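You will see two complexes here that share chain A, one where it goes with chain B and one where it goes with chain C.
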Partner chain A sequence: MIVGKYKYVGKRITRIDARPKVDGSLKYPSDLYENGMVWGRVLRAKYPHAKIRSIDTAEALRLPGVVTVLTHKDIRGINRFGIERQDQPVLAEDRVRYVGDAVALVGAETKEIAEEALDLIKVDYEPLPLLTDPRDALKDNAIKLHDGGNIVHELHFTRGDTARGFEGADVVVEHTYRMQMMDHAFLETEAGFASVDRDGVLTIQSCGQYAFRDQTQIARALNYPQEKIRMIEPYTGGAFGGKDEITVQILLALLALKTGRPCKIWFSREEHFISCTHRHPVEIRMKTAARKDGTLVAHEVWALQDGGAYATLSGPVLCLVVEHCCGPYLIPNLRVDGWAVYTNNGMSGAFRGFGATQAHVAMESQMNIIAEKLGMDPLQLRLKNAIRRGDTFGIGQEMVLAFGFDASLERALAHPVWRDREKIRRALDDGTVKNRWKRRGIGVACSIQGSGLGKGLPDYAATTIELNRDGTVNLYQGTIEIGQGSYTGITQVAAEILDLPMEKIHFIGADTGRTLDSGTTTASRVMYAAGQATLLAARNFVAKIKDVAAEKLGVTAGTLLNGDGAVRTGDGKGALTYAEIARAAKEPVRAEGVFNIPVADREFSMGLPHLYEQNILENGYFKNTGLSTYIVPSSWEAPEIETCPVEIPDETGPFGARSVAEVVTTPTAPAILNAIYDAIGVRFTELPVTPEKIIAALEKIK
Partner chain B sequence: MISVTFTVNGKTVTVGTSPTRTLLDLLREELGLTGTKEGCGKGECGACTVLLDGKAVTSCLVLAAQLEGREVLTVEGLASDRIGKALQDSCVESGAVQCGYCIPGFLMAARALLQENPHPTLDEIKEGLSGNLCRCTGYAKIFDGVRLAVRRLAK
Partner chain C sequence: MKTIETHSPRTLEEALALLEMMGDGIRVIAGATDVVVQVLERKKDPCALLNLSYLEELRYIREEGDLLAIGALTTHREIERSPLVMAHAPLLAEAAFIVGSPQIKNLGTVGGNIANASPVADTVPALMVLGATLILRSRGGTRTVPLAGFASGPGRTILKPGELITQVLFPVLRHDEISFYERLGQRRLLSISKVGVAFRARRRDNRMTNVAIALGAVAPRVIMAPNTAAFLEGKEYAAVVAEEAARIVETESKAITDMRSTDTYRNRMAGALLIRGMARVCEGITGL
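Our next item is the complex of A and B:
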């Protein structure tokens, strides 16, 4: 982004949502209450895999204050949801496949009564054998979790001839890496509020990452007319991919339709841990070969991804594991085989990094191991093999747009931490008592990730801008503010083109009743796609107001200039403010902008937690379901971070901008793994790495 | 059911409630003060932090029966307080707010910290805020916000 040329873009501007967040006035989905509302609570499965013989709700219904107890029998539609494949029941029928499966839904006058009623529902289960090892899922004689078998998705790709590549190589390294299951642990657990009016129109205000898709999923699961469902999802207290799939939405719709009353559902922290999607555990085996001069010549990858009980986004995540298995490097001979399978281990889906994270842990470890074998600077090895603009890499992606990888590597090579790393590492070897037990390591890792959904998927965004009579404008944008700051970025883009102060632009976020479909709030795409759509909408808007002004002033629109909330004639003699234009216009001034991400755009583009967090499962049961047992970094673990941006403006993004959400979190874990090796000479190939594991490893060397 | 009378942000309130309702539920459900957030309900995340007689407490662990005659300050009342207002302003400016769900809790914990120790070191800030979790910011900008407020209040 070129700073200085613009009035709003690239400037440090306060987020438009910061003030209402610090004074407590912003309403999150969990903040909605109404007198007379019904509290919904979900009964979760007792076993990770079992047949349901019967569900008896009579006693729960008799509890005073219980309004309703719903089961699958109360659902008229397909009773299934899933972004990619609809295989997950809203309320389980005859079988449960993980401990988070919803079995019944209670509606009660208070949340305490709803909770009590859960214990009174009698479910007769017949436990079934478990499938908890993803390797077993691939076996022919494995129990089948779904009618179609246990494979959610598989991918196989070859280019060149890896066998010949290995033959001619000077070093070959082969390792197996295991990445753990992780929780998004956003601070606001899944929540929402629903009501239904006399005409049967459902209004659902909830957390989510794509209001329009949620609307479709509700309509399909409950067989309810889509046009009678309005989803409002502008703000949520963190998501990171974990609110991409359906959580509370369909249950809320069901409860509101059945009771006719306003309803609230808010998952408890424990319920969140067991029911929601997680980061996929993935096992990756890599065999990589290089020549003496560092040139990578062959690479074989085998990846097995544990998707848990239902498909959700396992397929697309596997695609990203496979797409990123070469990292940002050119390797002529490649073979990759990947599987995503069903098990009874909870459920995994979208999570920051979306498969690219797991692939990079493996590849970036491989790079350092190779560099050491060759006696080469690990950064030089990367530079030697770096992809550049114009290259075709990985599984055939083309690097058609701006790309700054080699420039970033050069920058890192010149950085004092890298240049003086020997000295920095040895600084602790001073023989003092204080430092006797300390070791310091310096690690490096790189990553590549696209903005946008990827090759073949339609990816677009649309923005509407409308003029108000007081000269302010309304900006309607259907994406979601999950904390990333995109509503502010989008407003900046509009302010720049309209030349209107930010506070005169009223932002209206995700609402299927008012905004246009703008796709998902995922894949680091929002600032790029929605930003560009807004730029186009703003340009169209300026053209429209100039037309109105031209007629009123009796000049041609082409001679008019736009600035500071007014339109002026070239000689400055005639001028109309936006408010005057609004009054002069015969019909409301409204303009749209639609932006399609170029199809070829798949070329580029919570690191620390990846290192030591883990959802621990035993026989399909979650063992750590609270924030005192699932430990997330606290203020003490906050690292000091220095960022050195290398800015290569991209001509297809709004003002050259790109989204940088996910790509920056990916290299953290492998960089630290490499630093640990640098410090103590122990190579960890399995995450998480905890202090206990490090001590155990050190004791072994002694 | 019991009836308790206490003050919230300077106003006296009386509510009829079961003695085991939490202060967090009373604030959010009875008094409509939803600025105080719930992230765990078990004292593990700090999102529900309020000041009780000037001390930071996790309101999900305070029961109605403990409230008689006590004084509660929530994020909604923070702007009327010199330290509180400075913290809000500096957190807005330093970019401490992302999804923002954790921010009310941080502000209240920081308010208690600065009351006791107007010139905390970075480590003292970390210690004072160590009961509050944030999943978005990586904490650094929240510390920046608190330090900015400290500098401004010293003037």
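Our next item is the complex of A and C:
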């Protein structure tokens, strides 16, 4: 985006939700309460893999204050959900496949009674053998977790002839990388509130990342008419992919329909840890070959992704692992084999970076290893192989639009940290007490990631803008504000085109009853797609108000100018304010725009968690299920970040904007891995890298 | 979740009477920062709770001659901010500062930190090198015990039925004494210590005497490092001396591997923290 050209776009503007978020007047899903509401609590599986022989709820039902205890028998629909494949039961039937499986749902007058009732439900389990090693899942004699087997998805791709590529190469490096399971650790655990009216219309205010798809999933699982389900999900207390799949929504709908009362479900932190989707643990083996001059000639990739108990988004995540396995580089001979498998290890799904992160950790490590073997500057090696506009790379992605990878590399090459890196590294070798225990390393890593869902998937957004009688406008947008600032960004786009102050634009967020379907709030697509839809809606809106004004003023619409909340004639003699136009219009002024970014700096620190965090599982059980044992870096750990934007506008984005959410989180971990190697000469290929691992490695060298 | 009967006496006498009457059936809480978590995670299932948080009489920091007396219900926040503690036992202020979050520090008490008998309690190593004693009260009377022998293992103490810690008492540091508390956690703040080192010594003409070192999180309870202290006794500070002391303290550290860290890391870092702390208090070098 070219900053400075516009009145609202590209300006540092106070977020439209800043005040209500700070003063507490904005209600998140977990903030909703009502007198007489029913508290829902979920009984989770006792075993990571077991047959359920029977469920006895009688004693729980007898506990005073318990309103209802529901099992799969109370569900009329398919009792299944899943974004890609509906294989996960809302309430388990005859089998549980991970410790987060929901077995029964209690509704009670208080949270405490609901909690107590959970202990009174008697489930007769027969524990089954576990499948916890994803390598075992591929074996023919493995126990089958689902009728269709243990493979969620597999991908195989070949281009050229890797064997010949390796033959002619001067250097071949082969390493296996292992990336850990991670938790999104959003602030607000999964929460929602539901009620049902006399006509059977369900209203669910919930966390989520796609209100319209949640609506479909509820209707399908419970066999309830979709038109009688209204999802309201404007504000969510963080998600990062972790609320993309269904969490509380279907359970809330079920509870409200069964009790007829307002209902609340709010997962505890522990329940969140065991039940939610995580970042996929992925094992990636890469064999990469280059010529003396640095030209990459062949690349073989083997990837195995542990999806856990149910499919959710394992397939699409594997697609992104495979799609990004070459990084942003041209490699003529390529062979990729990837599998996503089922295991009893919790469940994994969408997580910021969505597979691209894991692929880049491996590829960006490979690049530095090759550079060292060739005695080349690692940035020059990258520049040598960098993809450029017009290239077809990876598994056939075409770079049709403008992008600035080579320009970014040139910029990095010229940066003082890179230019003077030897001096910066040696600055600590001064023999002083203060520095003699310190080592410094300089690392680099790159990443590429698209905006939007990618080729072949419908990916659209729609915005409606309508004029109020007081001259303000309502802006209806169906995507979700999960903290990223998109509602502010979208409002900036509208304000720019309408030339109307931000505060005169009332934002109405995700509500299936009021907004149009704008797709998911994922894949770094909101600012791009919803932003562009808003731009088109605003242009259509301006055309409409000009038509109304033209008729009233007796001029042709083409001669009118729009600005500062009014429409004026070219000579400035005639003018109508937005309020006057609203009153003059014979019918409500409303315009739609259909289509398919500017909060950037701090995102870079998001890659840090890779080096810290890990969900630790033992035989299918989570060992660290609280924020005191699952340690998330805090603002104290965030390093100083200098952002050097290379501005190459995206011709298809609103005002040339492009998304930055995910692509900038990806290179942090491999850059640090490369820096650690630079500092101490130890190459880590397994995440996280803790101080304990570094000490152990250093002891080994000694 | 079931309801737990909670008694909240207003005086120490009342509390001691209740404790004697209820015997083992009641669990004492002060700030409840540990017990509430244990109950919520269903690791503990007490029948009843004795809530001491209203006992204002046990909430004070005062000088008693050459001694500093701290009431058992004094919070970490109060200790961390106390001018008396900062002047007379700065390492205790450092230890109280590192505990949890402001919310936890406003609830958690020094008496609770000691009674919980966790090897990772941050105030305990600091108090140990200060040579602290505890005053224990019961209906039957009062006794004074050294803090060093108070914990017998993780969560186990020599407290008798009916007894409460009412006061922590230690000699104030003299102007020629140096001290520090250094620790490492999984992140800088808001994390449980993986290893902690408390140090105090008298320093005259750069020569160290009366050296005391205590280590947290490296044994079933907080331990002293007598060999390291003996090595440093009478020596002049120098970076190489600190490094040699570090090698000794590593052998005195008896850490285990658990979810938070490894034995090797903890033992090595006990040495590193000794070097870091000594550089800070002997040479004014920070950021080591």
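By definition in this document, the second predicted complex is superposed on the first by the 692 of 702 C-alpha atoms of A that agree within 3 Å, B and C clash if a C-alpha of one lies under 4 Å from a C-alpha of the other, contacts with A are read in each partner's own complex, and residues count from 1 in each chain.
Criterion: contacts are C-beta pairs under 8 Å (C-beta built on N, C-alpha and C of every residue); 3 or more make two chains touch, one makes a residue touch a chain.
Bear in mind that the values here come from a model prediction, so they are computed numbers and not experimental data.
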Chain B versus chain C as contact partner of A:R76, first or second or both or neither: neither
First (chain B), second (chain C), both or neither touched by A:K122: neither
First (chain B), second (chain C), both or neither touched by A:I641: first
Contact breadth on chain A, by residue count: chain C or chain B: B
Touched partner set for A:I631, first chain B, second chain C, both or neither: second
Partner chain(s) touched by A:R135 [first = chain B, second = chain C, both, neither]: neither
First (chain B), second (chain C), both or neither touched by A:P691: second
Contacts of A:T14 with chain B and chain C, given as first, second, both or neither: first
Touched partner set for A:R469, first chain B, second chain C, both or neither: neither
Which superposed partner A:V433 touches (first chain B, second chain C, both, neither): second
Residues on chain A lying within both footprints (that of chain B and that of chain C): 626, 628, 632-634, 636
List of chain A residues in touch with chain B within their complex: 14-15, 17-19, 21-28, 30-31, 33, 184-189, 235-240, 268-269, 482-485, 606, 608, 626-628, 632-636, 638-641
For the chain C and chain A complex, residues of the former touching the latter: 1-3, 37, 41, 184, 186-192, 239, 259-262, 264-265, 268-269, 272, 275, 279, 283, 285, 287-288
List of chain A residues in touch with chain C within their complex: 111-112, 115-116, 270, 433-434, 436-437, 612, 616, 623-624, 626, 628-629, 631-634, 636-637, 691-692, 695-696, 699
In the complex with chain A, residue positions of chain B that touch it: 28-29, 32-42, 44-45, 47, 74-76, 78-79, 88, 91-93, 95, 97-104, 107, 125-126, 129-130, 132-136, 138-140, 142-143
